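What follows is a group of structures, each given as C-alpha cells.
Here come two complexes built around chain A, the first alongside chain B, the second alongside chain C.
Showing the complex of A and B:
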C-alpha cells in the first residue's frame, strides 16, 4: 500500500476476507435501504410515531420486509442454480436461462395461464418446476449427444434449445392472444411481492441449503462422470439432485418474480475469480454476491421512475450483460 | 342469406320510421333491392409509415359499396356495429370475436386470420365486397385493399367522435342511417346520465391486472395512433375522476406495486383482468391477485368498490355499439 518498493506479499487469504467483509457489509446496507424504499412513507421515524392513520408498521410487515426477503432469496438461489449447473455441465457459461430451462418453465407457466388461470401461484410454480425439470433433462441429453465439448458450443446449444422452446411458447401465446400476459409473468419484477405471495421462494432458499450440503459431491461431478464414478460417487443420483435444485429454483423465481437474466452466469464467475473453484467454499459467496447484486438492481428499479417502477429485468439485463462482456473480454480470460 | 336480413330489417325500419328526420348522405338511395352499385366514400388519414416508425399520414379515400353482400371485418368494434345495425359479417379473426358478438357472424363465417395477420388466400377465395380494418389491423390495409375496398376505421378524435363517425358511415353502407343515428343518440344520452353520476363518485383508478402484476391506467385524451385512449375511456368518456393525473399515456399503463394503490387510495378501483380477456370464462385471476392484505386495506376494498370490468369489451374491442353498451352497464353497476 505505502510504497511500490514494499515486497511483503499481501496474504491472499486476508484479501479474500476483505472482499468477504465488503460483500457482507453491502448486503446489510442494501437490505436496510431496500426495506425503506417505496411509495409510502415508511421510515424509521414514521415507525416510531405509530399514529392511527399511518400504514407504516403494517406496510413494513406486509410489504417491505417480504419484498426484501424475496429479493434476497432470489439473488442467492439464482446464483446457486447457475453455480450447480456450471458444475454439472462442466462449463462456465451455462445457467438456467442459457440452457432452455427457463424457457421450459415459461412454457409450463403459459399452460397454466391457458388451462387454469385461477390456479394459485403455488400450483403454477409446481407446473413450471416440472417443465423446468424436463428442460434440464432434455438439455443434459442434448449435451451428451454432442461429440466435441467446446467451451462456447455448450451454451450455444443451450441457447438454441431455449430458442426453439421459446419460439413454440411465443407461437402458442400469439395464437391465444396471451403474449402480454406471458410477458408480464416473464418480466422480472418484485412490484407485486408481499406477504402471502412470495413464500414459495423459501423453497428456493431450501434448495440453496441442499446445494450446500451436497456441495462436495457437485465439486466431484465437476470432474466428469468417469472420475466421479471412480471415486465411488453415485453420479446419476447427484445429477438428479442437481436437476431438482435447478428446476425448483428456476420455477419458483419465475412464478414470483419472473425471469432474471444473467445473474446465475455472472455471479459464480466473479466469485470464481476471487476464491477459485471450490464449490463448498463458493456457495456462501455466490449466495451473498447474488443477493447484493439483485438488491441493488431492485432498489434502482424502484427509484428511477418513482413512484412507478421499471422492470427489474431491464436493470439486471443491462448490468449483467456488461459484466458478462467484461468477463469474456478481460485480459487473461480463460474463455478463449 | 347474408343479404336478406339487413334488407328486411331496413325496409321495416324505413316503413316505420319515415317521420324521423332524414340524415343519410346524398349518395345513399332508398329502395335498394340487394344489388346496388351505389357507394359511400370514406376518407381518412392513412398512416403510411411502418408500425414502429414516426407516423406519416396520407389522405386516403375508398369507395365502399352500399349494401355489400360479403363483409370481412378485422376490426371487432366494426363487426359489433355492423351486427348491431342489422348487418352480418362473413369473415373475421374468429378467435377474437367475443361471445356476446358471436351472433353477428354469418353461420358459415370463415376465419380471416388474426388481428395482426390476414389469411389473404382465404379472404380472396370469399371475394368480399368490403373489408373493415382498424388499429391493430391497419397495417394490413394495402394487402387487403387489393382484394376488395378496404376501409380503416381507426380512432380519430375522441372515443365518442370515432363511435359516431364509424356508426354513421356503417349505417350508410348498410342503408340503416336511422338506426345508426338512434343508436348513437341513445348511447350518448346514457353516457350523459352516467357522467352526471360519476361526478359524485369520488376518485377512481383503472388497474390492469396481467400475469400477477398491476398497471395503473392512464387518463389520456390522446388519440394519436388510436391506441392510447382505451385505457383512458373510463376517465375521458365516463367522467371518472382519476386519483392521479400524471400517469403516462402508455398503452398498457404504468407498472405499480400494491403499496402504490394503498398510498393513492382511490375510492373506486376499476379492474381490467387482462388474463381473463382470453382465458376461461369464470376465472378471475385478477380477483385472486387483488385479494391481499394491502389491497384489502384500501378504501375501495373496504367499501366493496372494486369493480371488475368486462375485459374483452374494455381491452380488446372497445368502440362498437354493443360494446359501448357493455361498458356503460359496467360503469353503471359501479354507481
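Showing the complex of A and C:
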C-alpha cells in the first residue's frame, strides 16, 4: 500500500479504460435487469400499456426502483468503507465485518430492541453507529497492542474480536428470547426494502462523497502516522473522519439491509489488482464494482429459487469467502 | 500423579451431577443424566484427543480441526445428503449405512484438504488460521444456501440432524458415535510412541525411521473420524478443543502423549460436567453451555494469538 503511485504506460492504461467501460455497462445493464426482476408482472410492455394498468407503475415506484437504488447504495458504500478501513489500518485484508465493527453495531441494534423498541429506525441506526465507532476504536487499540504487525494476523484478530462480541450478542438474545428476531434482521437481504424504508441509505451514499473529498488524505494516512504528520496532516482528525465514515456506513446498511459480509474486502482488492493503489482514483472504481457485485448477487438471490427469494448474504458469503480464499492463497500474494 | 488428581475431580463432579438435587426418583434421574454424562464423555474423548493429535502433526498449538472448517464441512455433507437424496431417503435409509457413507466422505475430504494445506511448503500459522476460518464461513454459507432451497419438511430433518444437543442425546446416535470414538482411541494406542517422535519435527522423525507421510495421513484419518463423530452428535463447538488441549499442556507440563491425551479428555470432562453443573444448578439455565464455551474460547484464542504474535 505504501508503494508510490506509478503512472502506467499508455497501452495498459487504455486496457484499464476498457475494464472501466465494461464495469459501467454492467452497472447499467444489471440495474435495469434488477428493476424488472420479480414475481409481479412488471415489464417494459406492462409499463407502456397506458390504460388502467397503474399497478405496474405503482410497483415500480414503490418497490422495484427503491430496491435497486438501495442495492446500489449498499454496494458502493460498503466497498468504500472497506477501502477506507484498509487505508487506515494499512492492511489489505480488513473491512468492517472482519474487524468486529459489524458485530459491535449489531449489539447496539439489539440494545435498541431491548431497551427502546419504539425508537424510529434513524434512532436505532444512530445507536448502532455509535457502537460501530466504539468497535472501530477497540479494534484499532487491539491492533496497536500487537508488536509484530503480520499481514494476516490483523484480520485474524479482528475476526476473533467479532466472534467474541457476536457470541455475547447471541447469548443476550438467547436469554431475552430474541434469537429469532435477531436472525431475522441481521441476515442481509433486500426483500423488505421499499419506498419509505431505505432512505437512510442516502446517508451511506453521502459518506461515499465524504470519502471521495478526503481521498488524498486517506492515501497519506496509508503511509503511516509519522509520515503523515511530517507532511503536515492532522493525523488524528483524518483518522476520526475515517472512523465516522466507516461507522455510519456499517450502521445504516445494518439497519436497512442486515449484514453483508466480505464485500468491502473483496472489491477494493480486486480493484487494486486492476488499477493499483491510488486512493482517489480507486474510489469510483470501488464504488462501481461494489455496486455491480451486489446487484448481480441480489438478482441471483431472487432468481435462483424463483418465485421465492434466498437471503442475499448467503450468496455474498459464498462468493466473498471464495474470492477471499483465492486472494490469500494465490501465488504472489504477500500473505505467505 | 496429576492425572490421578484430575481423575478424582472428574469422578467427583460426575457423582455430584448425577446424585444431587434430585427432584423425584433417583434411579430415573441417574438414567437420564447418565446419558448426558455419557455424551459429554464421548465428546471429551473425541475432541480432546483429536485436537492434541492435530496439534502434534501440524506442529502448532492454535489450529484445531474445527477451526480449519471441519465441522462446517460436516454440516454441509448432512445438508447435501438431504438435498440430493431427499428427506424420505435420508430417514428411511439404514442409519449405519448412512453413517458409514458420511464418515467416508468426511475422511476423504479432510485428508485431501489437509494434504493440500499442510503437505506442501510450510505456510505461516496465522495464514493457515485465517484460511481455516474463512473456509469455515464458506462451507457454512454453502450449507445455508442448500438449506434455503429445501422445503420445510426436509429443512426440519437437516436441523434435527445438526443440532442434537448435549442434554438430550439420541440413543442410537450416541452408541454409533461412541463406537467410532472407541475405535479411534484403540487405533491411537499403538501410535503413542510415534506421536511423541513426531513432536520432534518432521526431519527428525524421518531420520528416526518413520514413514512420515503415511503416518500423518493415517493420523489425519483418525482425527477426521473422531471429529466427524462428535460433531454429528452435538453440533459445532469451535473452541472447545483449543481450550482443552492447551489447558492439558500446561497442566501436565510434558509433551508425552501418554499424559497429554488423558489430561485433555479429563479436562474436557471437567469443563463440560462442571460447566453444566454451575449453569444448571447455580444460574438455572441449562442450554447455554456451548455459547459460554464459545465466548470464553474466543477470548482465550485472542489471547493465544496475540501472545504468539508477541514472540
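Note that the second predicted complex is superposed on the first by the 322 of 336 C-alpha atoms of A that agree within 3 Å, B and C clash if a C-alpha of one lies under 4 Å from a C-alpha of the other, contacts with A are read in each partner's own complex, and residues count from 1 in each chain.
Here is the rule we go by: a contact is a pair of C-beta atoms (placed from the backbone, for glycine too) under 8 Å apart; a residue touches a chain by one contact, two chains touch by 3 or more.
Not measured: the values here are computed from a predicted model.
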| item | value |
| --- | --- |
| Three-chain arrangement built on chain A, chain B and chain C clash or fit | clash |
| Which superposed partner A:311 touches (first chain B, second chain C, both, neither) | both |
| Partner chain(s) touched by A:261 [first = chain B, second = chain C, both, neither] | second |
| Partner chain in contact with A:329 - chain B first, chain C second, else both or neither | second |
| Which of chain B and chain C A:122 touches, first, second, both or neither | neither |
| Contacts of A:152 with chain B and chain C, given as first, second, both or neither | second |
| Touched partner set for A:181, first chain B, second chain C, both or neither | first |
| Contacts of A:28 with chain B and chain C, given as first, second, both or neither | neither |
| Residues of chain A contacting chain B in one complex and chain C in the other | 174-175, 305, 310-311 |
| Residues of chain A touching chain B in the complex | 38-40, 55, 58-59, 62-63, 113-118, 120-121, 174-178, 180-187, 189, 191-192, 194-197, 305, 307-311 |
| Complex contacts: residues of chain C adjacent to chain A | 123-124, 126-127, 129-131, 133-135, 137-138, 140-142, 144-145, 148-149, 285, 288, 291-292, 294-295, 298-299, 301-302, 305-306, 309-310 |
| Complex interface listing, chain A residues touching chain C | 93, 142, 145-148, 150, 152-153, 155-157, 159-161, 163-164, 167-168, 170-171, 174-175, 261, 304-305, 310-311, 314-315, 317-318, 321-322, 324-325, 328-329, 335-336 |
| Of chain B, residues touching chain A in the complex | 95-96, 114-115, 210-214, 216, 252, 254-260, 262-263, 274-280, 283-285, 288-289, 292-294, 297, 316 |
